[in-house]
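Both complexes below contain chain A, partnered by chain B and then by chain C.
Entry: the complex of A and B
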């Protein structure tokens, strides 16, 4: 069960009217290394991971939904006042033809989200290594988005999200160490 | 934890550029090697940000803070 707080994890402000940026940001919404994929990956893997790290996957998976909400807010703010002609000019004509201004789970190239983006192998190390890789890929995606965006307010929020990927990666690495070392147990051989 | 002054979390290399390559050389390519790569398990008593700073930066721990900006920007001008 979840408790919903009706606010964003970090403020989302947009300085410039730039619908084209929304086209790129959607990568983190419905892309392979996006927040939806991350949330669903962790919240599904957690059922078959050792007890000690279930809580970690629950916490991080939940936070990914908070990030998803931030990306959705950016995309919505960047496109909400765009006319159909402005959408076409921003390279969002194909999106407009299908969705009007609605958000959709797809990547920057328009490919719809698919469960094949995520994996649940049932092997704790395989799953945690996938999670670490997912965090690093999301971190890199945020870097590329910061590189192509010149909106200082959007970049501020993107930097916050990138930093969270770093912290998540660290926690998944620690989870691997916990499973490796059997930490807390006094074992003598 | 402190790091040596010469240490950087942004690495770069110069890709080979042939005289037959169609575009002018990009010069250096950059990539991040963020702080979590340098540590296996977070040790106790690391230095913390204030709560206000932590909410802004996205981490409570100074060691894990890594500001990122477009490394190619200077070249654009």
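Entry: the complex of A and C
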């Protein structure tokens, strides 16, 4: 089971109401390399991954939900004071027509999240290589978002999230080595 | 509805976020380096430190953990009250 903690993993502050920036940040909410995809990917793969890396997939998958909440907080804070006209001007008219100010799992282009973004192959190396790639793609996305954004407060939180992708990628690479080592050992017996 | 939030709330919260971040980071590290005694020692140290910080925060601003995992709430149900993390 999971226990909710009533705090963000890292502070999220917003300088100004900015629905256009929110529209881009949605990429990391419901996009292919976003936090929802990450959390669901790892927490689903862990059932059939070797015991030695179940803990890592569980813990990183859980942290991804904390990142999802940070992105949600950014989007919420950037749009909560926007008028319908400001939403339309920011390119969120279609979103507003369907969802008002509510969040929705979609990417920056408005495509809804889909399970086809993620894979579970049952092959530990294939799964972990996908996980490493996912972290690197998410890191790149955070960099592009930082490049677009002119909100210094949002950029502080985005930089934190970008760094987390780097650490997760490192841990997944170590997990690959642990499994390779294990496989190598078995050959001698 | 929501408790009034003073500067102390944000200061304490940030201290807890910093301490708990160390715990998250060390958890992942220990997942792939389970025999690193120095990391384990640091983990134990920050576990205690985080607990101490929460013992100051929670009586003032309410429980942080759901499903009864935070102490208190004997005479009053505080969990369902704001502020929620995206409201501060």
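Couple of notes before you dig in:
The rule is simple: the second predicted complex is superposed on the first by the 182 of 189 C-alpha atoms of A that agree within 3 Å, B and C clash if a C-alpha of one lies under 4 Å from a C-alpha of the other, contacts with A are read in each partner's own complex, and residues count from 1 in each chain.
Definition applied: a contact is a pair of C-beta atoms (placed from the backbone, for glycine too) under 8 Å apart; a residue touches a chain by one contact, two chains touch by 3 or more.
These numbers were taken from a predicted model, which means no experiment stands behind them.
Once the two structures are overlaid, the count of chain A residues touched is higher for C than for its counterpart among chain B and chain C. Once the two complexes are laid over each other on the shared chain, residue contacts for A:147 go to chain B alone; chain C is not touched. Of the two partner chains, chain B and chain C are each touched by A:10.
In the superposition on chain A, contact of A:159 is made with chain B only, not with chain C.
Of the two partner chains placed by the overlay, only chain B lies in contact with A:139; chain C stays clear of it. In the superposed pair of complexes, A:27 makes contact with neither chain B nor chain C. Contacts of A:130 after superposition on the shared chain: neither chain B nor chain C is touched. Shared-chain residue A:169: touches chain B; no touch with chain C. Residues 10, 167, 174 of chain A are contacted both by chain B in one complex and by chain C in the other.
Remark: chain A residues 3-12, 53, 55-56, 59-60, 63, 69, 72-73, 76-77, 167-168, 171, 174-175, 178 touch chain C in the complex.
Contacts from chain A toward chain B in the complex involve residues 10, 139-140, 142-143, 146-147, 159-164, 166-167, 169-170, 173-174, 177. Those residues of chain C that touch chain A in the complex are listed here as 13-14, 16-17, 20-21, 24-25, 27-29, 31-33, 62-67, 69, 84-86. Residues of chain B that touch chain A in their complex: 32, 34-36, 39-42, 55-59, 64-72.
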